[in-house]
Every structure is written in structure tokens, then in C-alpha cells.
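Right after this note come the structures.
Same chain, two partners: chain A is paired with chain B first, then with chain C.
And then the complex of A and B:
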């Protein structure tokens, strides 16, 4: 049988993702009462963050060279990216961990589509995406309050950096989860990541040298949160964005390779 | 074992003290088996205070060395002691009540001849000994990295050793009373969320209370939260006078009593609404 040419395969992949998305939304719409709690939870979390920001700036005018309004951009990106993680990335990765533990990954691997795509797009938690909206609102408010006008180029740079950041975080999460192929229990790593992610509330330049390096390359918070915020506040050069793109591509390729290697270690439940 | 020793063992096990001894010993043995999991969890928890510490150190630096008289070294001392106090503060979670009530886990506890709170108090107290042991290396590493300034007297150390258990008792009671709301409704997560947010801001967990605006400090003074976080931390890391040390301990005793009363009252009314399913 001849391999299908590239274009129809991509179209099929897109259709597949769209179908999963629709199924996810339909599932979540069954539990409409949850929306109240999700909204409340998000609002309390954002209000707390704002209170913290207010407290810090009642004692100083700038933090590591960032003004209060500029830090509001960072916080907006943090909330937004947190929404992406909790609505798409984390549910899928947790499902993958469970499947590896219980051997139910068999059902995914026997399907005639790319395995990595399938495990990454199966779940979608709609209500968690409220944070994406809230984060975007925070960023918008912060931009209006900034002293200087924001150019179209900067907005484009911001959106690019945001997409790159989301891909970076996704790759990082998948790398962690792939660890499940070797050491079956990786739940505590998830806890560890949740703790580390909180550090993204503040620009990585606030942290001392060794922590900054860690938050840039080990846990890529810098690329996911700080770089987009820098793009919007006029701190990012074209070179920085290019570097972020290179890092994202490198990490994605590494993840892809390790996914393949990991699959060979997967023995299934019944086999 | 001889007959006499057996009788002695039995006598030792009677009474509440014996109950506590056995449950605590079980907790130590159980949790020591899970030392790796315990450790990973504790290491994950370090992120929170380290973030606060870094931010306030940056603020202190921007303000020429100190904020409200607190230097970077004193912030480091505060948040390193924080890590121990936070671990002492981990008690039975109010979220656990849903399982206890919905799945009927409480039924088994009800047939025992002691109030169920004693089991939780004893179990988590035993666990603390494992936690304290595991905490020592973490504190050593944090101290090497962040260079805290400590000025501890013998009295302060003594008061601290009492105060961390006071904090443990107060938080146990308050969260037990809060968790029992589940007897009336299972839609509790929003309530808990608000409680924990108030605690975060007003307890000294997020920041030393001296950094709060005046009106918030007044509110904090009327809540029990600071006796579970801020007070024990400041005993060791801060500069409290002897009078303040004793007043603090006294108020911890008062809040423990209020907490116990609250638990007793809510339990009396709540347990009437409990009906177990199945066995």
C-alpha cells in the first residue's frame, strides 16, 4: 500500500483534533454547575495574585527593573498559560500516565493515526479555559495602563512568543510524562512541576543566577511566561524571539525522539 | 513474652495516653516507609517560600537594604523557619471529609470508644516526627544558599518548640470544624477556597505581618491565623520581647480552647445528620 501523501494526512490530523475538541466540549457541557465553581476559583486566585502584587508595590516602585503595570502583564501571561496547561496539556498528560501504568495505551497505539498526536489531544477541560480569558483580560488592562503605546510589531511578537511558549511547556510536560515508560510512577513529578510553575508569576530576572538558569532551561518558565511579557513591554529583541523559536524547535525534536524511544520500552498490559 | 509483661503491656495500652502512643508509633512506621514520597513532596513545597523570599529580598534590595526594617538575611531566616512551621501545619484536610461522609468511612471511627479527632491528632502528630527528621537537611541546604541571620536565645528556642505544637493543635481544630460543614452540604470547595485565601494573606504565610497595611494588621490580630504561622516563625526568626513570647503562647492556648469548643459543638450537631450507606 502506498503511503498517503503529506497533505491529506495533515488534513486528517486537523480533523481528528477538531473532533476531540468537540467531544471534550460536549462532555464538559454535561456538568454545567461546575462552571460556577471554576469561575469562582479563578476569580479568587486572580484576586489573591493582585493583592500580592499590591502588597509588594506598596513597599517599592520597581522589582528587578519591572514596574507594577509591567508585572501585571507577567501575571496575565502566567494566568493565561496556566489556563492552557490545565485545560489541555495536564489532562492529556495525566491520562497518558494512567494509560502507561495500566497498559491501556494499547488502545491508542493500535489506532491508525500518529500516537503522539492522539495522546496529546484526547482530553479538553473547557471550564479550566476560563483562566485563558481572565489572563487575556489582565494583559489587556495592563497594556492600557502602561505609560507607553504598544506597537503592532510588539503585539505580533507577543502572540508568537505565546504560541512558542505553549509548545515549549507542552514538550516539557510530555518529556516528564515519557519518564513513565521507564519509572512507572511519576505522579510526584507532577506535584513538583505545579510548585515550580508558581515561580512564573514573577519575571525570571528577579531570581538569583542559578535559579534563573533553572527556570529558563530545566523548567522553561522563562520561555513560556517571561519572554511573551518581555515582547509586549518592549524588552524583547528580534534575536530573543529567534532564540526562543530555536529552543522550542530543539525541545520539540528532542521530545519527538524520546517519545519514539519510550514507546519501544512500553510493554502493554496484556502482551 | 511472659504473662506479667503481657499484663503490663495491656495496662499501658488502656486510656487515652496509650491510644496516642500506639497511633503515633504506627504513623511513624507507616510514613517512614514512604520516605521517598514524603521527601519529593517536601521538596516540591520549597518552591512556595523560595519565591516569596526571592521577591522580598529583591524589594529589600531596591529599598536600600531593608523593608520595614527587615533585611534580606532576616527574610531568609523567616522563610527557612517557615518551611518547618508549614510542615507542622499539615493536618487532616477538610477536603477529606467528603470521603469520610459519602463513603461511610466515619462509621468505623464511630464504634471506637474515643472521639474520632483523637485519631487524627495522634496520627498526624506521629507523622510530624518523620517530617522534622526529613526537614533538617532541607533547612541546611536552604541556609547555605540564602544565608539567613539568626539571633536565637535559649528561651526563644524553648518557646518555639512549644509554639509549633500549638500551631499544629489550632490548625487541626479549625480545619476539623471547617471540614465538618460537609455534614450539611458537599458543595464546600468554594468555602474552603475563601478560607485558605484569608489564611494565606492574614497568617504570615505569604509575608511577615509587619508588611501588611495597618487595617489588614488589625483584622489579622482578631483572627487565629497568625498563631498557626506568623507567631511561631517570628519566635525564632524575629525579635519578640519576652512579654510578647508569653502573650503569644497564652493566645495560642486561648485559640486552642476556642477551636476545641468549636469542634465539640459542630460535631454534636453534625453527627446527627450522618447516616452511613451500607456496612
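And then the complex of A and C:
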């Protein structure tokens, strides 16, 4: 067969992802008991956050220029993005680390499909995606309570920023995991990332300058959470979104390059 | 079934696998035990180059089943990994079905498979059937062809009931059968099998063995197989490539291996009067009360010893045999590691 052109290849990739998604859902449906636990966990987490938010705003009207409703948007995005991470990104990356440690990555690399795609789409934890729904509800509630109408453009900007944010977080995670090609034990990174992600429940503008820069470019919480929230609350200019898009593309390309370098190292081509 | 048609390297045409002067050198960090050495190695790392594969050449013809033998650390797995494109050779040439494996072209990967007995690729929590479905998507097997291949494999391996259970509920033998089926759904033309029967009970081993022979017969695929079980090799391979310390020690027929590497033969002699002490003729391996004695003698003297036995004693019967292949291989590695401990 001749080398397939770009379009059929992309269609193929989508079909592959769709199959993996279907299998993931089928697997999760076998563990229905998990749903109760997951829902409970999500509800408790959100309730705690709401309580903290309520407490803060019982003392003040605004935090770093954000009103209570606006911060609810930030929290909604935080919960939503957390759901994306825990249902798709984290399970796949953990599997990748295990595969590197146990040598089962060999099976992935002997498959006639893009390796990065395979390692990124193999797992899907359905019940963790409850947070995506819960986060969306929080955002919707917040939008209704905002004292200004939200335009269609702002909603579109918000959705775009969400997708960019998800890609950014994915790239960041994969970058960390690629470290496994050199240092075999990177499990603790998961906990480290979890800890840092907690900081995303507040807009990055509430943090002091050096932390803000860190949360923007080192751990891209700003792009993942704050920027979408800014888009929905009328704070984001077109330039900011463009900047976010540029950052996302740059990070994706860097990830792709390092993935290849990592593979070369894994297969001993660099030695 | 085994008419030797496609077997033997001389069957003409392009070889399915062609390996020339293949080398793989690993750079390993070296440090002595102890805290002080650990600290020192943080600052200045001492490296040593280890030749895992040091100039290996061989061909495998289309449809041929070749046993790839060697002690642990001889370079078998490293070679298999280079053949399947997982490792880049340090030097040398490989062509598998005309492809250079290290390029990992999809067309190449679609035509081969890799099975490692000690590692599984099936997902633990879902039934094998679902993993098959994933492989269908990855290999882009057309639906009708997929069904046909799957049903054929399921039938041949007798795993009809098992493929619906989550893989974690299967026994090791059952899992290995399912693994094998998953690895062959796309009908690969070249199979790299690294210890496909390791840890399995005798029945399961036999089942896998019979299946592989049948698969080879039906599809004409080439198989390169490593195994610690000589029964696997005897049942499947006419030819073996023995490697040691990264080099080919022997490449040829299984029977000829015995002739070449065994310096001894076993003479079994029956003496009706019994009771005679035959230790003067050779090393007595076994002596039974009914007067049968087995002697281990150097191959070059076997004829002479037999003649002497016949002249000196009243002999009812006498046979001269090569030792079992397992013993020969064991001998080969024992001798080599004694010589080449480095």
C-alpha cells in the first residue's frame, strides 16, 4: 500500500481513539461499584471547595479583582480540568511509566500506529469523568449568577481556551513522563503534579509574581484554568487567546520532539 | 505435513530474515559496591562497553522455523529486539521481509509479530476478545478478515470459552494461548517468539507447540524461536542457530548438532551371564540387575570399545547411541562458560 495521505491517516487516528474509548467505557462498566465511590468523592471535594469560597467571601467582596461568582467559574474550570486529567491523561501516563519499567512498551512500539497516540489514548476512566460534568455545572451556575450577560464570542473563546488548556496539560504530563526513558522511577511526579494542581483552584493573579510565572510557564496552570475562566468572564483579549494558542502549539511540538528523542534513547540509537 | 518443502536455507529466493555481522554494544555504568564507590560514581561515572551481540550472521528462509538457542545473556533477546525494530544495531545489517527493522515502517510492523512469554500485552481487566478488537483497530484489519482470523485462532487454540473472561481470571497457560492469538490476528509473515512456553505446564506447552506448527503449515510464516525447553525446539525446528557470548557457535540441523558437539557416545551392552565389571571400558552410567550396562565412551573410541566388548564377553546385544539433544546443548553451554568466563 502506498503511504497514506494526511487526511486518511488522521481519520484512522480518530477511529483508533474511538475504539479505545469504547473499550475503556466497556471496562469501566464492569466496575459499577466504583461509580458510587467516585460520585461521593467528587461531591465531597466540590462541597469543601464551595465552603472555602463562601468563607473567603464572607470577609471580602473581591479577591485579586475577582468577584465570588467569577471565582466560581475558576473553580468550575478547575474541577472540570481535574476530571479530564484523572479520566484520560493521568491513567495513560501512569500506564506508560509502568510499560517503561516493565519493558512492555516493546509491544506498543512494535505496533503499526503512532506510538505517542497509542500511549496517550489507551486508557479511559469513565467514572473520573464525573468531575467534567460537575465542573461544567458549576461553571453554568456561576454564569447564570454573574451580574453581566455572557456573549457568544466569550463562550466560544472559553471553549477554545479549554481545549488549548487540556492539550497544554497533556503535553506537560507527557513531558514529565518521557523522563521515564532516562530515569526509570518517576512515580513521585504524579503526587508532585497533584500537589501543584491544587494551586489552580485560584486564578494565578492572586499569587505573587514569581509563583505566577511558574504557574504560567513551568506548570501551565494559568493556560489550563485561569485563561478559560478569563475568557468567560470578559477578561481575555483576543491576543491572550492567541498567545495561549501559540504556547500550546510550541509545547506540543516540544513534546513531540522529546518523545522522539526519548524513543531513540529507549532503543539505544543515541548510544 | 512436514514435507521439508519450504524448510532449509537453500530453498531459493529472498530470505525472510537476513542478518549480517550484527553488533550491539551497550554502554553500562560500572561501579564497585559500597557507599564510597557510590558517591564517587556520582561525580565520575566509569563506563564499560559490553558487546551483547558481537558479529552475528544468519538467514531464515520463508516458511522456515529456526530455533535460536543460547544461555541466559548470550544475546538472544537483544538480537530479537533488533530484528523487530526495538533496538538499533550498533553496526551490521538486517533485512526482514526486505525492510530495515530499525526504521519501524508501518508496512514492516504489520507483517511481523513479537511474543514474549514473560510479558503480557493483553489488558488485564478486560476479556481477551476486547483486546483483540483493539488490535483490529491498530492493525487496521478489515472486519471480515478479522473475524475469519480470530475464529480460526480461537478454534485452533481451543480458547472459545476463555476469551470472554477478563484476562486476570485466566490461568497462565490460558493467558498465553490468548496472548498468542492476539499476536497473530493480523497474520504476520514473520514471528519472533521469545520463550513462548516459559512457565507453562507440559500440556499447555504441547498445545502451543502444536498450534505453532499448524500456523506455520497453514500460513507459510517464518518463525524464529527462543526457548529453554528442548522439546519446543525438537518439535518445531529443523534448524538451530546457537549463540554464545554474542557470536554464532553453530548454525545447522538439529541432528548434526549432536554429532558435532558431543564428544561422547553411549554404549549399552547386554551380558547374559551378568555381573561383570565393565568400568575398564568406559564410565559406567547405569547397570541393571538383568545384566544391562550403559557406558559413556569418547566418540572416537566407541567402535574400538564395542569391538573389545564383543571379543571379551558373551554379548547378547549392543547399541551405540548419541546422547539426548538436551544433554548436548547443556554440554555446549557448560563447556563454553567454563572456557569463556569473562
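Operating definition for what follows: the second predicted complex is superposed on the first by the 265 of 271 C-alpha atoms of A that agree within 3 Å, B and C clash if a C-alpha of one lies under 4 Å from a C-alpha of the other, contacts with A are read in each partner's own complex, and residues count from 1 in each chain.
Rule of thumb we're sticking to: a contact is a pair of C-beta atoms (placed from the backbone, for glycine too) under 8 Å apart; a residue touches a chain by one contact, two chains touch by 3 or more.
All values derive from a computational prediction rather than experimental measurement.
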item	value
Fit-or-clash call for chain B and chain C when the two complexes are aligned on chain A	fit
Geometry of the superposed three-chain model: angle at chain A (Cα centres of chain B and chain C, steps of 10 degrees)	90
Chain B versus chain C as contact partner of A:111, first or second or both or neither	second
First, second, both or neither for A:58, with chain B first and chain C second	first
Touching partner for A:267 - first (chain B), second (chain C), both, neither	second
Touching partner for A:86 - first (chain B), second (chain C), both, neither	neither
Partner chain(s) touched by A:12 [first = chain B, second = chain C, both, neither]	second
Minimum C-alpha spacing, chains overlaid - chain B and chain C, in Å	12
On chain A, positions contacted by chain B and by chain C	none
Interfacial residue positions of chain A with respect to chain C in the complex	1, 12, 15-16, 19-20, 23, 26-27, 30, 102-104, 106-107, 109-113, 118, 264, 267-269, 271
Complex interface listing, chain C residues touching chain A	24-27, 81, 84-88, 90, 102, 104, 106-107, 109-110, 112-114, 116, 119-121, 123, 125-126, 130, 133-134, 136-140, 166
Residues of chain A touching chain B in the complex	37, 40-41, 44, 47-48, 51-52, 55-56, 58-64, 188, 191-192, 194-196, 198-199, 201-202, 206-208, 211
Complex interface listing, chain B residues touching chain A	37, 40-41, 43-48, 50-51, 54-56, 58-59, 62-63, 67-68, 187, 189-190, 193-194, 197, 200-201, 206-207, 211-213
